[in-house]
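Each of the next two complexes has chain A plus one more chain, namely chain B in the first and chain C in the second.
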Partner chain A sequence: MTSTAAPEQIRRRRSLFGTASLHGGWRSAFWFLLPALVGFVAFYLYPALRGLYISFTDWNLIANQGSWVGTDNYERLFNDRQVWESLKITFKYTVINIASQTILAVAIAVLMDRLTKSVTIRGILLLPWLIPNVIVALLWVWMLDGNLGIVNDFLGLFGMDPVRFFTDTGKVIPSLAGINTWRHMGYTALLIFAGLQTIPRSLYEAAAVDGASERQMFRDITIPLLRPILALVLVITIVGSLQVFDTVFVATGGFGGQPGGPANASRVIYLYIYQNAFDFNQLGYAATISVLLVAILLTVTYLQLKLLRAGESDLA
Partner chain B sequence: MAAILVISVFPFWWALRTGLSTNGDLFAGEQSLLPVGYTDNNFERVLGTASDEEILESLGRENTGSFDFLQSLQVSVIVSTAVTIGQVAFSAMAAYAFARMRFRGRDKLFFLFLSGLMIPPIFTLIPNLILVKNLGWLNSYLGIIAPFFLMTPFAVFFLRQFFLGISREVEEAALLDGAGHFRTFFGIIVPMSAAPLATLSILTYITAWNEFLWPLVVARDPARQPLTVALGQFTAQQPGTSPDWSGLMAGTLLAALPIIVIFLAFGRKVVDSIGFSGIK
Partner chain C sequence: MSKALWRLLAVLCACSLIAAACGGDDDADADAPAATEAPSDGDDMTDEAVSIEYWLWDGNQQPYYEQCAADFEAANPGIDVEITQFGWGDYWTNVTAGFASGSGPDVFTDHLARYPEFVASGVLVPLNDFVDRDGVDAGAYFPGLAELWVDDNGNRYGLPKDFDTIALVMNAAHVADAGLSAADFAGAEWNPDDGGSFGELIRRLSVDANGNTGDSPDFDPDNVEVYGLGLEGNFGAFGQTTFSAFAASTGFEFLDVNPFGDSANYDDPRLAATIDWFARMIEAGYVVPIEDVESLGGTTVFQNGSAAVMADGSWKIGTYIGADTPFDVEFAPLPVGPSGSRASMFNGLADSINTNSEHQEEAWQWVKHMASAECQNVIGEGAVVFPAIPSAADIAIAAHQSNGVDVTAFTVHVDEGTTFLFPITDSASQIEAIVGPAMQEILRGQVDAAERLGQVSDEVNAVLGS
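And then the complex of A and B:
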């Protein structure tokens, strides 16, 4: 790396003075960048700015226009109990997900590390993650069905009463989190597994010589050295969970149910935004709630990466 | 470990078993690991080749809700293919410019692209929908494909990482020999990056296939709904009592089949790409 640094700096300096260097300048880069630049401006940059603008209007999709209403939407946001209720539901879903997914994934990764490096097994574990959310939701709605579901029959073997996974207001969020955990545990395990491969075996050997127990090694070697990958996994899990939509929409919206039901017990923030935009035709207000969600997502990401000192492993 | 593998695979088997059963036998409440009242009519029903008697036999009642599976399959295939070709090609070109060319503001522009990763889809959903509506692209392939066709920040980032790792020597020799950037890119960089380009293509195809929210709002017309949306709508129309479980499971499996086939064929690339970056 160091050997190429010097000529790169020279080139950069030269191009700053406008002389065409070996590597071009804007004139040659332009055509390479043009399609992506158009895509970025049209579908990322402009919509992001426009979304911010729409959050200050009373945009109506049928009329397809809106007028400036100042901070009305934001005032409404802070007084809208539904928003805070949705956030509470979303946080509950997120917390359950983090707990179940991370613990399971670490367990699977450690098991794989001990037992097998087989690509086939890793492939099987990854499969649920590649299947569309919609399909995963349908598979599990059937298996968790209150009357005919196999899971309830299974629980019945242990003398348990049938559980109304999707029609009980207290159970619907844990059920949805369970479905998501099934879809993501293999993927998360593979990320952690990749992290485990970076830990030098010599550390464990040395610890074993010193008489450390398995549990001590896990606590004092594995976990600290996995910190960067764990931070990454946590960010992905949290950011993904805060944006859950497909699973909720399909699993609770089918078979005569209302999306977000029963009794709005699973109305996560994404769904509330969707309803405001497309059921209540209040796109301005929906955009305002999205701004709040973006603020939460950015804060979470920033805090996590800071707190967990993601960039550095204790190896360094 | 074995238990985990069983849990990962069992729902697929259960869907297959249900798809091969008749609704009548399912509702009789018999639970067995094998199909109850074995029939392949459900798959024929989904594909639209079942006769009225076969429908009655497997469904156990008159057909109420249905959707055109083959029509939606066609939409899913067209959308996913177009998105993959466009996104991978254009993102690769941009990634090459970011990895290899020198121009003013390059790093700032790249950082701006990367910040696109932080924008949650819901935030751009509403403005994008308004844009697509103004362009008259609602209920059209153009509208469903457009936001994913020209780039995603992830694709640019993913490929730039690979291009940075390619030795400069071959490329500089070509440039000094008077080959232009286009010839260098297509003649040297693309062939040398076949593996990461293939990996990205597979991931992009699967992501496009799985997309739900965007086509849900853009394509209200059933003739332009991909499988994810059509299945979701079909489920929403099903009655709360005695829904068509066997037909639904048959359709669900068929909709997942292309993904499973791609995965069986190229699984190794996908597995190996995990750990490269957690973003995807």
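And then the complex of A and C:
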């Protein structure tokens, strides 16, 4: 079959490149998209639909089977205090992480844009992002440890008491948010830096001629014209931030701790899903919470894109 | 266009069908040999060796089980045992993944906290028929150990291989510095109100940065060099090495019926009083802060000399007399509580067979060998754990003695009958997730013990009742 189909396809393809009609563009686009589409169906669409199905069952992970329970899991979801508690912790993490990360990233990007064009510095800023999450978490666990950590040694030089970054219920989420800010700010800065390149230099020159200060230029030129890029960056980082898992799992598990601890102070929603699936052997309910998380992520993304008018630019 | 689109969709559908078929194939593979295996079993025995995969988590025991396997293979030329060891955390992840994927080891070391969930999921082979057929004597083990592995339907899922108890491990230098000895601890009594004479000992062993001991009015609880009492780990729901011995010495029991109780007793005021004593002692600087235990691990805190005394399990004896502990240790039994006797959790491991195993008969032969005196004597000579058969346990005690280590502090609980069984429920991990965080709050002094444990009790009983 393939041997007879091949010449026909080649002929068709040749004619496509020749005429470049809208109709033909579809066809060639399909062939180019096919590998990605197969991957999407096999690794995203099918598992997602299966996940949705599992959320309506009492799936037992160990036995790898379950039976239909209708909306039981969803009723349980709305009565489960732990879910809402975990969401609260996740939002707290996201707010701290995104605020610090975005502010630092914009500052770094503007500094890179206005002060230096050094590729080396850009490379160094990107380094933390290139290190795997788990290694970053382990690195900081050692550095921030209340007894052995170098950070506390340093604080000790100034006569400060050791800070229990991961074992104090009030400090664990800010500590985790800080680690991921450190890891992601260079990459985010690079995205914003790319956005800055789209702003015409002439605007700055004109403003400078009119006697505007750097601060005024930042407020009135950079930020408004950066908005579409910022919107994209925020959508990506917020969606990523709401899905935080590995840093929490590794850093709070520590050597003698409990992932999500102390006292559930860092049990983010993804960790609660993990617990249900792999500790409590309740894959069905875990899938239900995952469906809730998807709904939340979709809503957040939609609202953000609407509010920030990401598709439009203020560049006339 | 539509033709190409349909062709594409057809290809995609075909792909997903193939993927589904592949998935289905695995199941079929797992079933098919099982169905055809039985008649050809005899051929397997003669043609080539059947390979039995065995998993365990304790690396210290591995060399002795390798020896058992070598003896077993010599006696059973048709069976080949392959032993794999994983650390505790990875172990259970891998075992669970093995069950979920329809594979996993033929035989694995099982734990009382885990096996009821496996039974509920139908992944363990009941051993009753094998035990009856081969006339294995479940009475050959220390009393109670064999019954722990029988569920409420009377099905047996493991044969005991060892047992463990809890005792105090002491930093000999710290104890001598305070002018104390192991004998002081052996005679100590404890209560949750003022800690009794045990509380006094803990105070005397605590030393602050200025050299003041805990019984001095100048003792600075915020600047402690050596804590009188260490904690082996987070309390968790069952506190095997931490609070359980103290709570049980008040007469507290975890479950209404053990094994497989329908309700837990987390609202027992004696438990609240016990946990509250620990919280107060942490506040006073006599017990290691839970934050340090969570970050470093309790064993490390003890090994770096920051705690004078700590309760821990018999499976850790080797850790304390070995090179990892840079000072001499002594062992002492746990204090006598308000009930008039000491208490130690009594836990034991067993080997279970995976229903996915294609060679259950051979797997059983290996399980039977590990539960036999022949193998348990080998384990006893290794002096790593106490075997479940009394005569083999005596070999372990003698082996320790010839090394100059007195382990009677651990065995006195068995001799005097002051052990209580590990609480067995079919939702241990959920109970752990409810009680563990609450304990962390109480030990940080953030909440009142009685009030918080009251809430915990309702949540736990909701899980057990469902």
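Keep in mind that, in the parts below, the second predicted complex is superposed on the first by the 273 of 316 C-alpha atoms of A that agree within 3 Å, B and C clash if a C-alpha of one lies under 4 Å from a C-alpha of the other, contacts with A are read in each partner's own complex, and residues count from 1 in each chain.
Assume contacts are C-beta pairs under 8 Å (C-beta built on N, C-alpha and C of every residue); 3 or more make two chains touch, one makes a residue touch a chain.
Since the structure is predicted, the reported quantities are computational estimates derived from the model, not experimental observations.
*Asks:* With both complexes overlaid on chain A, does A:R164 touch chain B (first), chain C (second), both or neither?
*Replies:* second
*Asks:* Answer with first, second, both or neither: which of chain B and chain C does A:G146 touch in the superposed model?
*Replies:* It touches chain C, and chain B stays clear.
*Asks:* If you stack the two complexes on chain A, which partner ends up touching A:L125: first (chain B), second (chain C), both, or neither?
*Replies:* In the superposition, A:L125 touches chain B alone.
*Asks:* With both complexes overlaid on chain A, does A:Y93 touch chain B (first), chain C (second), both or neither?
*Replies:* Touch partners of A:Y93: none, neither chain B nor chain C.
*Asks:* Taking the superposition as given, does A:I62 touch the first partner, chain B, the second, chain C, both, or neither?
*Replies:* second
*Asks:* Counting residues of chain A in contact, which comes out ahead: chain B or chain C?
*Replies:* Between chain B and chain C, B touches the greater number of residues in chain A.
*Asks:* Counting only touches as set out at the top, which of chain B and chain C does A:W26 meet: first, second, both, neither?
*Replies:* The answer is both, since A:W26 touches chain B and chain C.
*Asks:* Quick check on the superposed pair: does A:G257 touch chain B, chain C, both, or neither? Answer first, second, both or neither.
*Replies:* In the superposition, A:G257 contacts both chain B and chain C.
*Asks:* Answer with first, second, both or neither: which of chain B and chain C does A:V233 touch in the superposed model?
*Replies:* Only chain B; A:V233 stays clear of chain C.
*Asks:* Check whether A:N281 is in contact with chain B, with chain C, with both or with neither, and answer first, second, both or neither.
*Replies:* After superposing on A, A:N281 lies in contact with chain C but is clear of chain B.
*Asks:* Pick out the shared contact residues on chain A: the ones touching chain B in one complex and chain C in the other.
*Replies:* In the superposed arrangement, which is not itself an observed complex, chain A uses residues 23, 26, 37-38, 42, 46, 61, 64, 145, 148, 254-257, 278 for both chain B and chain C.
*Asks:* Please name which positions on chain B make contact with chain A in the complex.
*Replies:* Where chain B meets chain A, its residues are 1, 4-5, 7-9, 11-12, 14-15, 18, 26-27, 29, 31, 90-91, 93-94, 96-97, 100-104, 106, 109, 112-113, 116, 118-131, 133-134, 146-147, 149-151, 153, 156, 168, 172, 175-176, 180-182, 185, 206, 209-210, 212-213, 217, 227-229, 231-232, 235-236, 238-240, 243, 245, 248-249, 252, 255-256, 259-260, 263, 267-268, 270-271, 274-275, 278-279.
*Asks:* Write out the stretch or stretches of chain A touching chain C in their complex.
*Replies:* 23, 26-27, 30, 34, 37-38, 41-42, 46, 60-64, 145-148, 164, 166-169, 254-258, 260-264, 267, 275, 278-281
*Asks:* Quick one: which bits of chain C touch chain A in the complex? Just the residue numbers, please.
*Replies:* 1, 4-5, 8, 12, 15-16, 19, 93, 96, 99-102, 117-118, 120-123, 233-234, 290-298, 300, 427, 429-430, 432-433, 436-438, 440-441, 444, 446
*Asks:* Using the touch rule from the top, collect the residues of chain A that touch chain B in their complex.
*Replies:* These residues of chain A touch chain B: 4, 11-12, 15-16, 21-26, 28-29, 31-33, 35-40, 42-48, 50-51, 54, 59, 61, 64, 108, 111-112, 115-116, 119, 121-128, 130-135, 138-143, 145, 148, 150, 153, 182, 185-187, 190-191, 193-195, 229, 232-233, 236, 239, 243, 245-246, 249-250, 253-257, 270, 273-274, 277-278, 283, 286-287, 290-291, 293-294, 297-298, 301.
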